[in-house]
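After this come two complexes, each holding chain A, first together with chain B and then together with chain C.
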Partner chain A sequence: MLKILQNIDRRWVFLSMLLAVAIPVLAKTVFPVNISPQTMMVFNAIEDLPEGSRILLSYDFDPASQGELLPMAQAFTRHCSIKGHKQYYMALWPLGPPMVDLSIDTIESEYPNLVYGEDYMKFDYKTGGEAVIRMITQDLRGMFELDSKGVSLDEIPMTKNIKNIQDMDLIINVSAGDPGTKQWVQFAATPFGITTVSGCTGVQAPQMYPYIPEQLAGVLGAIKAAAEYEAAIDEVYPSIASNPKAQEAKRRMGPQLVAHSLMIGLIILGNIIFFVSRKRGLA
Partner chain B sequence: MDKSSEASKNSNTLIWGIIFIIGAIMLVWSMSTSRTGQVWVTPEQHAFTADADGKYSATDTPSSGDIEWVTYNVVPDSELTQEVIDSGSVTLSWSRTIGLWLAAIFTLFILSFLVGDNPAYKFAEALVVGTSAGYVMVIGIWDVFVPLLLGKLAPGFVQTAFLPGMDVSAGTQFLYIIPAILIIMLLFQLMPSGGWISRWPIAFFIGITAGYRMIGYVEADLVAQIKAGIVPLWVTGENGFAFWASFNAVLLTVATLSAMIYFFFSVEHKGFIGKTARIGIWFLMITFGASFGYTVMGRIALLAARLEFLFGDWLHFIPSS
Partner chain C sequence: MKRTVPLIIAIIAGFVLLIANFIPYAEGWGLKAQEWFNILAVGAMILGGGNLVKLHLIKISGQRKGWGYSAVTIGCFVGTLIFGLFKIGVHPNEIYPNVGWSGYYLEGGSGLWWIYQHMIVPLTSMMFAMLAFYVATAAFRAFRAKNTEATLLLVTAGVVLLGQTYAGVWLFEGWLPESMQWLRFDHLTEWVMNIPNTGGTRAITIGIALGVVATSLRILLGVDRSYLGQD
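Here is the complex of A and B:
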């Protein structure tokens, strides 16, 4: 038995992981979510702003991270839309604008009362990462003369009086890497004191927590925090709880529990095999 | 063939067999119970009419000279009944259906790498890389090169040909000749000789980036983080001594100092320094463990998203995402 376990093909582990994720997805398993204080910091940063506040949402991710980050990006959009905030969308990644379009689709289908140019608008992608951030903290039109539809910012009601992003009440950054939250902290939040919150991938999350609370007003780390954020919105705005599209992150926590349990079990089993093998002189 | 490679081959065949059998059962089941991989749409008419000032506004009764177009909205499974199809208000979108099948097949091609490297995976990988590179290049030309360089050097032409909304009041901005020259110099990298010319713009770019980043790191990661690390160890609140806040402050201080001492190699790690450095290792290990846990969570979320796509949008076992 020990020899079989020692030489087990790694693909059996992959197959068991596939089943551990697939079965809860098919069974639509959803577990209760407890909202952490860190998530409430992000929620309150948006909730406490008065209606009509200006919020810059930078989607710095691409389809490779869509499964992890899109649920929280959509939750940000829904929260800002419910609160009636002015939403300014941009992207520092070339494949970011299609992600922004998904949020704009959400606004158009779920909040038809919001008007493009008055309640929300979109800037095009610009290359340069931190250089773009640095520029728009001083002069927005130096980088974005037009919106994504080719209309001059001076003709758009919600941008005509904006000089630079220091006029924003909050920056929301959804980040999958570089450029992302680190650059927003380095070139906007720290030097100019613009209140910033971040939703980032799990890989980045441990590097972002030290920025709380001085440089970041809150961080949503990975899909778990996105599920908590959805739950926080559901609690305050119960009408949104009946929208299945607004429960995406919560749905993805079911497979997490089963897959993590499997992984913990495999780590324990692997250690047992290692120690038993060493004791028998086989390792 | 030795025993281990024979066992691996048998295991390989068995795993492929299991995956194919499960996949075939799911596909047959789905096709017999739903409209597998079909995308149905409803047309939506848009029309805009111009007023006397030339400003456009939406209209429900378009006439000749108005701007009109049609968009197609996907009909959710829950609303797609036989009666709806028979009524003729929805149509099968062949382009979206083919796109859906391609997305599903390429997802399976990529996932097949877990069983072993194979031509299907290589094909999908090459296609992703090629498509991404082409997309990024087109985006770069239209969102950056045209408005931010060509639009500064030939504003009238760009406004007439590409961007009617562009403000041309500033006229030609000759300063932008410098980045244009740097771009041309960079292209010398592709020439058989004269490659050295491209080193100048590369040096310029590296210098600018290094300078930019240094400022950012010094301000946000060095000075601000040192400031954030200096906290009162004895924390009091409205009810006097706050135990957990004080505990957190002490933990933060001990973890920061011990982890830094681990990376301080000017003194030999023995005695008090050695023990402190060892505590630092523990904190580093806990941090790496947290990172690993978060990474696993991220990867599983990505897998769950793809399976939701396969089981929902494609096979219709669960509601579409």
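Here is the complex of A and C:
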């Protein structure tokens, strides 16, 4: 038995992981969600702003992280839309603008009363990463003369009076790496005191915690926090709770639970094999 | 000359940005330097693209091992460049209907949109999803409690893994007294993230920042010239 386990083909491990992810996805298993204080900090940062506040949403991720970050990005969009905040979208990653387009699609399909240019707008992608942040903290038009549709910022009602992003009430950054939350903290939140919240990947989250609460008003780390955020929104806004598209992160917690449990099982099994082998002088 | 001019440019740019950060009068210099940075970033992108083509063409012409992959790389690069630069399939912008190439480069249904939607999205998502399989097999084969440090890491990883799911709550539901609720894996995960992780990360971040200051000073004063290369 020990020999069989020691020489187990790794394709069995791959197959078990495939089943661990596929079964909950196909069964559409949804588990209860407990909202953590960290998530409530992010929720309150948006919720406590008065209607019509200006929020800059920077989507600094690409399709590789879409599975982990898009649900929270969409939750940010729904929360800002239902609260009636002015939403300014941008992206520091070359493949970020299509991610923004998905949020714009959500606004257009779920909040048809919101008007482009009055309630939400989108800046186009500009190369430069942190240099873009540095520039727009001083001079927005120095970097973006036009919006993504080619309209001058002076002709757009929600941008004509904006000089730079110091005029924003909140920055929401959805980040998968560099440039991302770290750069927003270094070049916008810290020097100019602009309230900033972040939604980031699980790998990035531990690096963001030291910035709380002075430089970051809150962090959503990975899909678990996104599910908690969805739950927090659902509690306050029942209209969003009844929207199946707004429950994406909660749905993804099912595969996460089974996959993580499988990982624990594999670690335990691997260690049992290791210790038994060592005891028998085989390791 | 080949090293002196870049050295002087680097020193001037560095000092301009440094001064602009601390002296309000010089703020405009910083903005100007950043505009230059953006222009140079575009130049660097062209240089990078040229370098990529050159390296892969050398590989193809020499029929070196794996040259077929290089051919695919060049084909994809050139194809994407043509679709993107010439905005193939993009309609003119509604505001400027008579101006060619004025439309949004990723307009739905355009060539670049097709490449993005049907190649980039599935390929990059697939690469990321593959990690789950490799992590699973690595957990089975390599994550061993060989010594105290490894055991500590293993236990913490186990707690955080379960604490990131509903299992971290469910395992303790119904039997753990109220006074012991802090033992729940989701609470322990929060503690790990907020206390040891934050403390450790802060220490590392401050250490890195001091290192960056020291290295920056060496570059600004011309002591460290390694970034100029060997020639």
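Rule of thumb we're sticking to: the second predicted complex is superposed on the first by the 283 of 283 C-alpha atoms of A that agree within 3 Å, B and C clash if a C-alpha of one lies under 4 Å from a C-alpha of the other, contacts with A are read in each partner's own complex, and residues count from 1 in each chain.
Quick note on the criterion: a residue touches a chain if its C-beta (ideal position, glycine included) is under 8 Å from a C-beta of that chain, and two chains touch if they have at least 3 such contacts.
Worth saying up front: this structure is predicted, and the values here are computed from it rather than measured.
Colleague: Which of the two partners, first being chain B and second being chain C, lies in contact with A:228: first, second, both, or neither?
Modeller: neither
Colleague: Check the residue A:134 against both partner chains and state whether it touches chain B (first), chain C (second), both, or neither.
Modeller: Both partners, chain B and chain C.
Colleague: Please work out whether A:7 is in contact with chain B alone, chain C alone, both, or neither, and reply first, second, both or neither.
Modeller: Once the two structures are laid over each other on A, A:7 reaches chain B alone.
Colleague: Touch test for A:256: chain B only (first), chain C only (second), both, or neither?
Modeller: both
Colleague: Touch test for A:31: chain B only (first), chain C only (second), both, or neither?
Modeller: After superposing on A, A:31 lies in contact with chain C but is clear of chain B.
Colleague: Examine A:119 and indicate which partner it touches, taking first as chain B and second as chain C; both and neither are also allowed.
Modeller: Neither partner.
Colleague: Based on the superposed arrangement, let me know which partner A:269 touches: chain B (first), chain C (second), both, or neither?
Modeller: second
Colleague: I'd like to know which partner A:60 touches here: chain B for first, chain C for second, both or neither.
Modeller: Once the two structures are laid over each other on A, A:60 reaches no partner at all.
Colleague: Where does A:205 make contact in the superposed view: on chain B (first), on chain C (second), on both, or on neither?
Modeller: both
Colleague: Chain A residues touched by both chain B and chain C?
Modeller: 14, 17-18, 21, 64-67, 95, 97, 126-127, 131, 134, 150-151, 202, 205-206, 210, 221-222, 224, 256, 259-260, 263
Colleague: For the complex, which residues does chain A have touching chain C?
Modeller: Going by the criterion above, the answer is residues 8, 10, 13-14, 16-18, 21, 31-34, 36-38, 62-67, 95, 97-98, 101, 126-128, 131-132, 134-135, 138-139, 142, 148-151, 202, 205-207, 209-210, 221-222, 224, 253, 256-257, 259-264, 266-267, 269-271, 274.
Colleague: Please output the residues of chain B touching chain A within their complex, sorted ascending.
Modeller: Those in contact with chain A are residues 4, 7-8, 11-12, 15, 18-19, 114-116, 132, 135-136, 139-140, 143-144, 147-148, 151, 163-167, 208, 212-213, 216-217, 219-221, 224-225, 227-228, 287, 290-291, 293-298, 300-308, 311, 317-319, 321.
Colleague: What residues of chain C sit close enough to touch chain A in their complex?
Modeller: Its residues touching chain A are 27, 30-31, 34-35, 37-38, 41-42, 45, 93-96, 102, 104, 106, 116, 120-121, 124-125, 127-129, 132-133, 135-137, 139-145, 154, 157-158, 161-162, 164-167, 169-170, 186, 190, 193-194, 197-198, 201-202, 205.
Colleague: Using the touch rule from the top, collect the residues of chain A that touch chain B in their complex.
Modeller: 7, 9, 11-12, 14-15, 17-18, 21-22, 25-26, 28, 64-68, 94-95, 97, 124-127, 130-131, 134, 143, 145-146, 150-152, 154-155, 183, 185-187, 189-191, 201-203, 205-206, 210-211, 214-215, 221-224, 244, 248, 251-252, 255-256, 259-260, 263
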